[in-house]
Structure formats: C-alpha cells, structure tokens
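We call the chains A, B, C, D, E, F, G and H, going by the order they appear; numbering starts again at 1 in every chain.
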Amino acid sequence: AGTHLDVNREQRLGFPEVIYGEGKTAEQILNIMNRLSEYTDRILATRVDAEKGAYVLSQFPEAQYDEVGRTLTWRKHPVTEATGLYGKAAVVCAGTSDLPVASEAAATAAIMGCEVIRIHDVGVAGIHRLFAKLDQIREADVIIVVAGMEGALASVLGGLVDKPMIAVPTSIGYGAHYEGLAALLSMLNSCAPGVTVVNIDNGFGAGYAAATILRNRGNVQP
Amino acid sequence: AGTHLDVNREQRLGFPEVIYGEGKTAEQILNIMNRLSEYTDRILATRVDAEKGAYVLSQFPEAQYDEVGRTLTWRKHPVTEATGLYGKAAVVCAGTSDLPVASEAAATAAIMGCEVIRIHDVGVAGIHRLFAKLDQIREADVIIVVAGMEGALASVLGGLVDKPMIAVPTSIGYGAHYEGLAALLSMLNSCAPGVTVVNIDNGFGAGYAAATILRNRGNVQP
Amino acid sequence: AGTHLDVNREQRLGFPEVIYGEGKTAEQILNIMNRLSEYTDRILATRVDAEKGAYVLSQFPEAQYDEVGRTLTWRKHPVTEATGLYGKAAVVCAGTSDLPVASEAAATAAIMGCEVIRIHDVGVAGIHRLFAKLDQIREADVIIVVAGMEGALASVLGGLVDKPMIAVPTSIGYGAHYEGLAALLSMLNSCAPGVTVVNIDNGFGAGYAAATILRNRGNVQP
Amino acid sequence: AGTHLDVNREQRLGFPEVIYGEGKTAEQILNIMNRLSEYTDRILATRVDAEKGAYVLSQFPEAQYDEVGRTLTWRKHPVTEATGLYGKAAVVCAGTSDLPVASEAAATAAIMGCEVIRIHDVGVAGIHRLFAKLDQIREADVIIVVAGMEGALASVLGGLVDKPMIAVPTSIGYGAHYEGLAALLSMLNSCAPGVTVVNIDNGFGAGYAAATILRNRGNVQP
Amino acid sequence: AGTHLDVNREQRLGFPEVIYGEGKTAEQILNIMNRLSEYTDRILATRVDAEKGAYVLSQFPEAQYDEVGRTLTWRKHPVTEATGLYGKAAVVCAGTSDLPVASEAAATAAIMGCEVIRIHDVGVAGIHRLFAKLDQIREADVIIVVAGMEGALASVLGGLVDKPMIAVPTSIGYGAHYEGLAALLSMLNSCAPGVTVVNIDNGFGAGYAAATILRNRGNVQP
Amino acid sequence: AGTHLDVNREQRLGFPEVIYGEGKTAEQILNIMNRLSEYTDRILATRVDAEKGAYVLSQFPEAQYDEVGRTLTWRKHPVTEATGLYGKAAVVCAGTSDLPVASEAAATAAIMGCEVIRIHDVGVAGIHRLFAKLDQIREADVIIVVAGMEGALASVLGGLVDKPMIAVPTSIGYGAHYEGLAALLSMLNSCAPGVTVVNIDNGFGAGYAAATILRNRGNVQP
Amino acid sequence: AGTHLDVNREQRLGFPEVIYGEGKTAEQILNIMNRLSEYTDRILATRVDAEKGAYVLSQFPEAQYDEVGRTLTWRKHPVTEATGLYGKAAVVCAGTSDLPVASEAAATAAIMGCEVIRIHDVGVAGIHRLFAKLDQIREADVIIVVAGMEGALASVLGGLVDKPMIAVPTSIGYGAHYEGLAALLSMLNSCAPGVTVVNIDNGFGAGYAAATILRNRGNVQP
Amino acid sequence: AGTHLDVNREQRLGFPEVIYGEGKTAEQILNIMNRLSEYTDRILATRVDAEKGAYVLSQFPEAQYDEVGRTLTWRKHPVTEATGLYGKAAVVCAGTSDLPVASEAAATAAIMGCEVIRIHDVGVAGIHRLFAKLDQIREADVIIVVAGMEGALASVLGGLVDKPMIAVPTSIGYGAHYEGLAALLSMLNSCAPGVTVVNIDNGFGAGYAAATILRNRGNVQP
C-alpha cells in the first residue's frame, strides 16, 4: 500500500521527489517526509494548509512551515556558499494578493540552493515603484515574475533586464480574468523576447526552473 | 429596395450613420455616400479596401481615402477651431502592425471634430520609448491606446496619465493570442483604474467614443 | 512588512490608490485607511463585506458604508459645487440583481466628485420603462449602463443618447451566461456606436472612468 | 450507391427531406430533386451557391432560385388560401448583412405553406425604425428575428409582442463576436420570456420551426 | 424603493411579469406576489427553494408550491376548457435527474393555460421506452424535450413527430459536459429539422414558449 | 536526412508505422513507402489528396488509392481467412458528408486484417433507417460509428448493441458546431454505457482501435 | 412514481442497468438495488459516497462497498473461470490522486466478469517505474490508462503495447488544467495510434468498454 | 516615417531588436537590416517566407536564409569559442512536421552565440528512439523541446534530464488539437517539475530564452 516513491529522482533530476500536499492528509505528508528523510537531506512539500502544517511540525519539528506560501521545508545541512549556493534568484511580485504564489516560488528556489531576494508591490499601475527596484532586480541571476490581473509586469520587466525570466500567472482577478487565463495568455504573448511561462499559480514550477538554471551554471560547485 | 438609412441619427447621437464597408460593394458605398451627402455635411465609411476606395474616389472626388486605416471621409466644411474643434485626442500605438486599427481610430476622431495626435512604436518591450513621448501624450484630452500581443501598453499608460482612456485590443499576434483575445482580456483586467475597452480591432468605436467625450465637454461650441 | 502604498497616485492619476477589499482582513483595510488619511482627503474601499464594513466603521466612524455596493468611503470635506462638483453621471441599471454593481459604480463616481443620478429596473423586456426615464438620463453628462443577462440595454440606450457611455456587464444570469460572458460579448459587439466596456461586475472601473471623463472637462474647477 | 432518401419523412414530419446543398455538386442536387419530385410536390434545397443554382435551373426550369438566400424551391401546385395557407410569418431582420439568413428563413417558411412578410433594417441602434413597423409585425402569427452583432433585437421585440418568436443569431460581426457566438449567447439569455433559438445562421431551421407552429394551429386545413 | 413592476406586461405579452426567485428573499417574493395579485389573476414564481416556499405558503396559503420544480403558482380561477385551456403540451424528459427542469417547464405551461402531459425516463440509451410512449406524445400540440448528458433525445424525437418542439438542455452530466454545454450544442446542431432551443436549465422559458404557441392558435378562446 | 522510421513498430504494436500524408509531398510519401516495403508487407498512408495519390500510383502501381477516404494502401499478400482475417468491423455512418471519415476508418481496419461492412445514411433524423440495418450491424464484432452534427447516432446505437463501439465525431456542421466540438462533446457524454471516442475526423484512429480489438481476440490466428 | 428501470438492458447490452448514485438518496439506491436483484444476478452502483454506502450495506449486507472508487457491487454467484471470466484487464494509473477513478474502472470491469490487475504510481515523470511493470501490463488483454495532469501516460504506453487501450483523463490538476480538459485533449491527440478515450473521470465507462471488448472475444463462455 | 528601432535594446537585453517578418514586405525587412547593420554585428529576422528571403539575399548577400525555419541571419564575425560561445543548446523535436518551429529555435539560439545540437523524430510513440539519444541530449546545457499533437515529449524528457528545459507547443495536429492548444495545455500541466513553456509555434522565444540562460552562466566571456 501507500505511495511508490520515485527514489532515484535526485540522481536523475537533481532534486528529490517533491510532496504535493493537496488532497493528502497530514499523516500521509508526515509519512512521506519520514521516508524521504532516510535517503535525502532536503525535503519540500507544497500546498500544505495551516492545520496540516501545524500537525507535521508537531511530529517533525526540524521542518519549517511558511503560512503564506503553504510550504513545508527541511534541510539537514544549512545551505551556505561553501556547500553550494548556486546564485541569486529574484522573486518579483505585482500585488499583495499574489504573495502566496510568490512565496511558494521563493521557498522552492531556496530549498534547492538559491539565494532568494524578494521584491513586491511593483505592479505596473505605479511603474515608478518598479524602477525604484530595478538595480536590485538586475543583480539577480534569474528572475521570477509573479502577477495576476493582466500580468503586464512580465512584459515590462522582460524589456528591462537581460536575465533569464520565468513568469507565473496567478488566479488573482475576477470576471473576464477566468481564474488566471487572462494573465496566462498575456504572458505567453509577451512582446518582450524570451519570457518563459509556467502554469497558473505554479510558484513551485517557477522556483524549480529557476534553481535548475542556476545549478547548471558552470562556475559553481553544487 | 436598398438600405434604410437612419436619417435622424445625427440629431440623436451627434453624428450621422457611419458606413460599414465590409461586405458592401463599391457601388453600394458610393450610393449611400451620395444619399448621406444630401442631409449631412460629414461622412465616414470604414473597412473600405483599396480597390473600392479608388472606385469611390473616382466618382466622389471630394472624399479622402486613407489606405492604412481603410477609411473614406468627407467633410463639406473643414473643421477649424472656430467651427468646432472639440479638443485633442492622442492615438497611441504599440507596434507597426497595429497601425491600421490606430489609423481607423484617428480618422474617426478627426472627422468627428477632434484634433488628433499620433504616437507609434511605443510598445512596452522598450518602455523608454513611451517615456520619451509622455509629455506629448499628457497634453491630450483623451487617449486611445491601440495594442496587440499582450496589450500591456494600456495598463502602463493607464498608470501614468489622468485622462480618459479607451483601449483597443488588436488581433496582431499568433498561437495563444486567439486573434486578439489575449489583448482583450488583458485590457479588461488592467490593474490601472478606469481603462475602458472596445471590441478587438474596433478602431472606429474607440475614435467615436473619444470624440463623444470631447464633444460633451462644457467649454466648447460644437 | 505590509502593503507598499502608491503614495503619489493622486498627483499622477487624479485620485489616491483605491483599496480592493477582497482578500484583505478588516484590520488590513482599516490600517490602509488610516495611512491614506494622512496624505489625502478622500478614501474609497471596494468589495468590503458587511462584517468587515461594521468593524471598520467601529474604528473609523467618519467613513460611510454602503451594504448594497459593499463600499467604504470617506471624504474629509463634503463635495459641493464650490469645491469641485465635476458634472452629472447617470447610473442606469437593468434589473434588481444588478444593483450591487450599480451601487459600486455610483459610490466610486460620487467620491470622485460627480453628482450621481440613479435609474433602475429599466431592462429592455419592458422598454417603455426606459423611455419614461429618457429625459432624465439625457440630462447627465456621462452614462454608466449596468446589465446582466444579454446586456441589450447598452445597445438600446447607446442608440438614443449622445453622451459618453460606459457599459458594465454583470454576472447575473445562468446556464449559457457563463458568469457574465454573454453580457460582456454583447456589449463589446454593440451595434450602437462608441459604447465602451469594462470588466464583468467592475462597477468601480466604470465609476472611475466616468469621473475621469467629467474631471477633464474644461469648464470646471476640480 | 448514392444518397438514401428518407422517403416517408413527409408523412412523419409534415414536409419531405430538405436538400442541404453545402458540399454537394450541382449534379447531385439535381439528381435528388428529380428523385424527390417523383413522390412529393414540394422541394427545398438550401446553401446552393449561384453557380450550382444556375446549373440546376437550366435542367429543372420549374424550380426557383433565390440568390440572396441561396435556396432552390419547387412547388408543383401554388400555395393558396384554399390549398392550405397556414398563417402569417414575419421575418424581422436587424441589418443588411443578415439578409441571406433572413431570406433562407423566408424561403423555407414560404415553401412550407406560410404567408411571409419581410421587415428589415430595424436594428436597435435606431429603435424608432422598429417601432414604426410594430403594428405590421404584430399582425403576424409567428415571428422570426434574425440578427448578428449583439443580437439585441430579439430581446427588444420579445418584450413587445405576444406571438411565438424564434431567434436566429447570425455570424455577422468581428473580433469578440466569434462568428455568431456573441449573438447566440445573447439570444439564449434574453430577458424577454419565451424566446427560442436555433443555430447560428440557421435560417432554414427557424423557417421550418415557424411553419411547423403554423401548420399545427387548429383552425386551418393544410 | 423596491422593485418596479412591469405592470402592463400582461396586455403586451399575454402573461404578467414572472418572479425570478433566485437571489430574492422569501419576504421579497411574498411582497411582489401580494402586489401582483391586485391587478392579475395568475402568478408564477420560479427558482424558489423549499424554505422560501414554505414561508410564502404560510402567508399566502392559496398558492401552490412544487418542491421538485421549485415553483410557486397561484391562479384565482381554475383553468377549465371553458375559461381557456389552449391545448396540450407534452413535457418529455430523458432521465430522473432532469426532473426539476421538466417540472419547472410543466408548471409554467400549466399556469399559462395549457393541459400538460408528463413523460419521463425515456432517454435514448433504452430507446424502446420512447417508442412505447410515442402515441401519447404525438397527441400533444407542442412538445418540450428536456435532456442532459448528450441531449440526443431532442434529435430522435424531432425525427418522429411533426409538432413544434422546444428543447431544454440541462446541466446534468460531468467532466466534458461543462454544465450543460454539451447538451446545448447538441440540440443547436440537431439533425432533425426545426428543433428550437432555450438556455441551459431554462424550463421556464420552454414552458412559456410552448404556452405562447398554444395561446396563439386560431381556434381557441383564451 | 529524411524521416527516421520507427522500424520495429510492427513488433511492438502489431502494425508498421502509418504514413500521415498531410504536409508531406508526393515524393516524400513514395519514398517512405519504398523504404517501408523493404521490411513489412502492409502499408497504409492517410490524408493523401487526389493529386498526390495519382503520382504515387504512377510510381508504385501495386498500391490502391481511395479517393473518398484519401488513403493509399498496399498489401503484398491478400488478407484471407487463412492468413488472418480477425473478424468483422461495421462502419456505420450518419450522413453523406461523413463518408470521407468513414472511408478512412474502413480502409484502416481492412488493411489491418478486418472484414469491413459499411452502413450509411442512417442518421437519427429518420431512425427507421437505422432499425432496418440493425441485424446486419449486430453481426459485426466491433462497431465504428461516424457522425457529425449532434452525433446522436452513437448514443442510439450504443443502447442497442452489445459490441465494443468506437465513436468518431466529424467536423460536418456549421455555426455552434465548432468544427466537430458539438459532436465530440456529445459522444463523450453519451448516455449509452461504454462508448469510446477518438479525435474529431480521426477515422484512422477508430479503424486502428477496432482492428486492435479484433486482432487480440483469443480465437484467431493473426 | 419512481424510476422506470430499463429492464431488458441485460439482454440488449450484456449487462443490466447501472445505478448512477450522484443525486440519488441512499434510500433510492437501495430501492433500485432491491428491484434489480429480482431479475438479474449482478448489480453495480457508482458515485456512492461513504455515508450512503454504509446505509445501503446495513440493509443489503451481501453487497460490497469500495470507499476509494465509491462503488457498490453485488454478484449473486462469484465470477470464476468456469462461470465466465472473460480475460484480463489492466488498470494502469499515473498518480495517487487518480486512484478513485481507477478504482471505479476496476470495480466495473470486475463485476462485469474481467480479471483485473492494478498498476499504480507509474506517471511519466519517473518513466523507469513504468518500464518495471511493462511485462505485467503486456499480459493483459485490454488496458485502461487513468491519468490527470497532462495525461502523457496514455501516449507512452500506447506506443509500447499492442492491446486495445482505453484512456481516462482525470480532473486532477489545477490552473490551466481546466478540470481535466488538458488531459482529455492530450489523450484525444495521442501520437500513439488507436488510443480511445472516455469522458473526464469516467472510470465506469472505461471499465464497461473494457469488459465489453473482453466479453466479445470468441474463445470464452460468458 | 518608418519603424522606430529600439536602438539600445542590445545594451539592455543582450541582443539587438529582432525583425518579425510576418506582415512586412521584403523591402521593409531589407531596410531594417541595413539600418541595424550600422550599429550591431548580429541580425535575426524571423517568419520570412522563401520569396522574401530570396529578395533580401539578392541585396544583402552576406546574410543566410534557412528555408525550413524561415529565418534570415547575419553575423559580421563568426562565433567561435574564443569570441563567446556560451554553451550547448539541444533542440529536440517530436515529429517531422515540427521541424519549422525547431529550426526557428535553432537559428535563434545559434545567432545569439549557442552551439546547437539537433535531435529529431523522437516522439513518444516510439520511445526507444528517445532513449537512443539520451546521452547526447544530456550533454547539452539547456534543452528546447518542440512537439505538437499531445506534446508528451516534454513530460517524458523532463523526467529524465536535470537541465533547464523550455517547451514549445506546435500547431501540428487537427480536430480537438485546436491549433496547438492541446499541446500547450499539456506542457503547462507537465508532471515533470520545472518545465517552462513559450507560446504555440514560438521557436524564436524558446531559442532566445535558451541563449539568455547560457549567456548568463558565470564561466564564459560573451
């Protein structure tokens, strides 16, 4: 019985299997974490609500729970520049409501070895706020843009920086937003060249892609 | 037989019936223009292709044909500040391919009595180009934004100026653009407050709305 | 921590940042209102449910809460013709179920300085009701039309008045209404010229656009 | 080989099988007409383009071809009040571009025994034109409304007459019209009670339904 | 305050305004019923849930509530052949889950003066069940077909009877049914000629259309 | 250069790689056929238009071309009961316009070793035509149903026979048919149990699935 | 009153009517089971939640309830090879969240006489897991593939085995998954030949189709 | 007049403005190339059909035209390891019909400084072909996956390699493929972690993103 873990995923993909918490009980999440902790030193669980998070923490106190991003993370050894900090990922976020998705992206990139910098409330309705942060964003090695509504932030930023950029459309909006479709189509049709996109609300996917980019840079020892 | 003209539309709506050229023959367009010219001093025909335009001009030489916007216009008396120039409309356009729609908007606003200023190639992929034109745009009394792809220009400009703004999504794009749907949804979900939207490629509607706004300002004599 | 306010939005856009109450706690709304009240004399919060509204009023008793439109408004100095009443906005509403959206539009236009007149229950199924109000509607300087179902009211009224018109499709309907899509497409394809459209249920956007049109008329002192 | 005719359809449904000309050659249409003429006295073929129509007429000169509605009809004995004129069907049409669909509806209703009255160019953008025809429309026993764009005519008329009404959305429009979807959804969501709808551009279906309603009235001898 | 009734709707459309219960409180429904009962002798309220129904009955005991169809009806004078029974409407229903919609259609047709016959559980998966009822269905003067899933019943029955037919797609289904879209498209594309369609789950509209057809037959005194 | 053939597909899947003719030149098709004929004794190419078909036949005269289904087939040794006739597949087709898809299905099943029987023009608008063929259909071991419009034939037949059934929606229809979507959704939501579906117009897929079912029956020697 | 059972369905289709539990009360399900048990020896009810399942078991203790697949089954006589075990069906499942649908498929195939083998957690993200089970899968006579997300498992497996394959897209996913649409479209467009598809989450339909395929194989005695 | 070039794009984004050839005349493309060649040493034009390509080559013979990918490229100085070869990009392609998109991606990555390796005809229907190339693919520093149909290749490969991966859905398919939507949704919902996606048929975007990733690696001198 139980879930069949993909035990050699770390060798194949560079990171062990990630636990998708949606639809799993707290007990199931805990059980998988216990099994994973036997053969890996890094664990990530996403979409874990506050109640499940509290339960798991009570049984697995070394883990960390982030309420905004709903992630559980555990790392046996802290990431340091010595042990393999791959580079800097900026998570840039348009509005307050997009923060859960941005936090999921940030937690994913961090547990996978990136230094993460967070920029928020820089939606294009007040574009001077974005310009005020541009130097900071340009210092990053990879950029994750998280935006709902019309998702224009991806295009604007995509025309201002020369770093790899991953855009995450969020389901924040209403009416003809269609739970993120408006932002998704917007980002897929960005007039800025080279913007790549992940699924609506998929902060995890963006963080994972960013970390994979950084891990594969030639000048670091993972 | 023939089309029943809505002869008192000018009294009711402030402008006589406009001829929608799509699906009409050059002869039909000419015939309606002749009939309209009997009781009004301003005529607009849209979606008139080059061949039809040439034919009409050969028979109705006082009209003017614009090849880019595919409009025919005729005005018995030139518009001057004395005879009722309502104000200034800026038609701001993201990319070269959006020019036909922008020109339709411009021709419509002009024939209806607006002074029109044209700004183009200010797509957000190179946002400094937009900032370079901002002072000029801010001088207008109403702004029409024409953009395809992800239509982000409407949101960016909407956060920078305090004038009424009408956004026109265009069908320029491919793949998941869905002939303008991406830009339409983007503009309907703009994070800038108060952006209004017309149908995809509907330059006419935007020009008409802009002119209606300007005509209804209290300080001018139409 | 906390939301980064767009503090110079009033200078840029003519009205300070509006609080979007959806997904914010009553405490967060109150906190932003307190901060905003330090540098502006007008506040609007939308999508504030009754419970949150009551809490905010208990702490910020000078504000006003409208249960139907779910808006919180505060104005340090009452709007008078002397201090800048920009003009008259008519909010015309098809059915009883559309009233929340119409009220959001009305509250927005009012706090921004418009005199607002309200017309309701004039859906086209009993079109004589609309004709009975036509003179009153024609006195307005800008018209907001709010309708669900097939949204035909926008087209009918659009063919009867020569004022700027902003149509708001509502999500009122069922089955093949698709939460407002039927009304949205209907309004975007209006056979009346110059109708502009905002997002489904976006009373705020319509009120904002109407007020922007009126504020920019040449003959008033804002 | 060849098409298997549904030879007893007239007994079952009150009218023999109708030939759908789309995708059939002129020869195939002629061949079916010849076979049908052996056991019925009434033939209708729809979606027959001008070239095919000319060919069929050259071989089957008793038939009649309508270029606008693209129908071929043949009736051995003329319809008269004596031989079974079922009643009056009004075909009401919003714009000039909708005429092909309206003509298909009219030809279908006529060949099936209805007296048909035609009203056109009464789109709601100039609603006084509709009111001018209302008495004439009210004399009909069943009403077919044909409209593209936002299809509002069905709702307006549906609120003014107490006769059975069949609405036909047409594909006339562009952009977010989606080849008739906007009009279809509009008509399905009509706020006027009891409006029934057929497929986009399906003039045939509307004419057929109207004739079926009239044939089944108790007071006539078919 | 309160709803503006469309008081002369009965003269115009043949039946007084119908109360749409969705989103109205029991008190509001009762209040409108009281007002309507002053100038009409027939009342219909639809989409009234059991709780609201019980409340209204307690205050307006002469009304009748149908739990399945969620309708409230009141008729001052019973309908008899003498006072105007217009004819027979068959409500044919595919599956048990479609009964609420079928009952709404039946209640509407009945209150409007039709004799209603009910046929159910004749879905095409066991088509002999339909054939067993065919004679009974053929006796009706108008037929309402109610079906979810793929809605094939409309096409099958449409090929077997020569009466006016109104098809109601229901939202019964799952997955790629899209809350009735599958059945709606199916019915709009019926290969049987002359099938007309109303909105998804719109039993009211079908009953109304059926009654309008019957009321307009020449041989009865309404 | 050139296409990399999947040379061991026959061992893996029971039939060699099939040539999809769309977008390939006649030369390319011929070239692949020549290469395939070296290691297999059966070839199928689909979506080959008449011109390409004629060219290939001129160079590869042993092949057979079917104009209706647009298939090229070649079999070194004729299929006989001795060499592996797997069983009987019925291809049942609603209307004349569906024949190309039905023929593609038939050619695929035949080349793969099935005895194919063809039934056409049995659409549900005249359901007696289907009943007339029912005994013949019931003799088949697997049934392919091909239908456009509302695709009801699949549900009706699915409730009458106890054989495996594969439904193919076709793009035949117009308006709200959406190039086959109406039929596809209809078949996916069939109220008859166990109907399986392939892509719109995918006669090939249906024939392939039918042949795979028959080849895997225990009592035959392929 | 009550449901009209399709009593001769077993003779016609090879299996008695299946009870669709959604929207039926526990009492209704029990009542139908009691009636069915009078003339058949096999009963299946699907979409029965745990509470209803418990109630039915308390009254009909010979039945079996499966909590994961939410099915109730009853078979008077156990299925044995002697009494008609038709063959082996493999139910292959991509992820843990797809198990309810897979279990519905398995229960359906089993009650209809198939030997069922279950394979799970073989999603393509760790494709070695699938290869490890390939020999086992290849022993089956028919294969049901159950997958959500992008549903790629159907294509991969479809290219590896030569057995009839039925793919079931599930609604497991989020964002641009659209409750199973992504997996449905993916399976309909599978590049592996001959994959057939049932509705989203329709485990029942897949199990039914699989059992129908096996029952119709020539070499078994049902 | 003419296009306003974004002259400092190279400084900002690392590569000069790319010419989108669709809708531009050969003369316009040539003219922009001439202007660009004055201030940059690398030019890329996409979507240039064969006829336009030939014209440009006749006037600008140093450029190179690729017929399959429809790209024009020019580089003043050849790229060498010394002058800045950023790393290796693998362009992996499912089917022959996807080659135009794959070639656009390859040309873009190459002109931007990447070493490009091409792998084609490795669609998942014959998955051994992919495994045969896996070692070669794993040597790349970034992977572009190009696939139409159901796009499963992205998921399969995404579970086998630990490099950054950009997936390009193509419009190759028919029926319920919806011009690439099936592949797009499939890739957005990939069960393999970290797959990023660009617009349908956007080979340019994928090549650009890949080159941006490689250019930003720490250990190379661009």
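Here, a residue touches a chain if its C-beta (ideal position, glycine included) is under 8 Å from a C-beta of that chain, and two chains touch if they have at least 3 such contacts.
For clarity, every value in this text was computed on a predicted model and none was experimentally measured.
The minimum number of touch steps linking chain D to chain E comes to 1.
With chains reduced to the mean position of their C-alpha atoms, the one farthest from chain C is F. The interface at D-E recurs elsewhere; of A-C, A-H or E-G, the pair that shares more than half of its residue-numbered contact pairs is A-H. Taking C-D and B-D together, the pair of chains sharing more C-beta contacts is C-D. The two sequence copies chain E and chain G touch through a face in which the numbers common to both fall below half of the numbers used overall. Averaging C-alpha coordinates per chain places the centre of chain C 58 Å away from that of chain F.
With each centre defined as the average position of its C-alpha atoms, the distance from chain G to chain H rounds to 43 Å.
In terms of their C-alpha centroids, the spacing between chain F and chain G amounts to 26 Å. The set of chain A residues that touch two or more partner chains comprises 12, 125-126, 159-160, 175-177, 181, 184, 188-189, 192-193, 199-200.
Counting only pairs that meet the touch rule, the chains in contact are A-B, A-C, A-G, A-H, B-C, B-D, B-H, C-D, C-E, D-E, D-F, E-F, E-G, F-G, F-H, G-H. For chain B in complex with chain A, the touching residues are 94-95, 123-127, 149-152, 155-156, 158-160, 173, 175-178, 181-183, 185-193.
Taken together, the chain D residues at the contact with chain E in this complex read 12-15, 18, 87, 141-142, 159-166, 184, 188-189, 192-200, 204-206, 208-209, 211-213, 215-220. Those residues of chain D lying in contact with chain F across their complex are 3-4, 6, 8-9, 12, 17, 22-24, 171, 179-181, 184, 199-202. Residue ranges on chain C touching chain E, taken from their complex, read 96-97, 120-121, 125-126, 128-129, 174-177.
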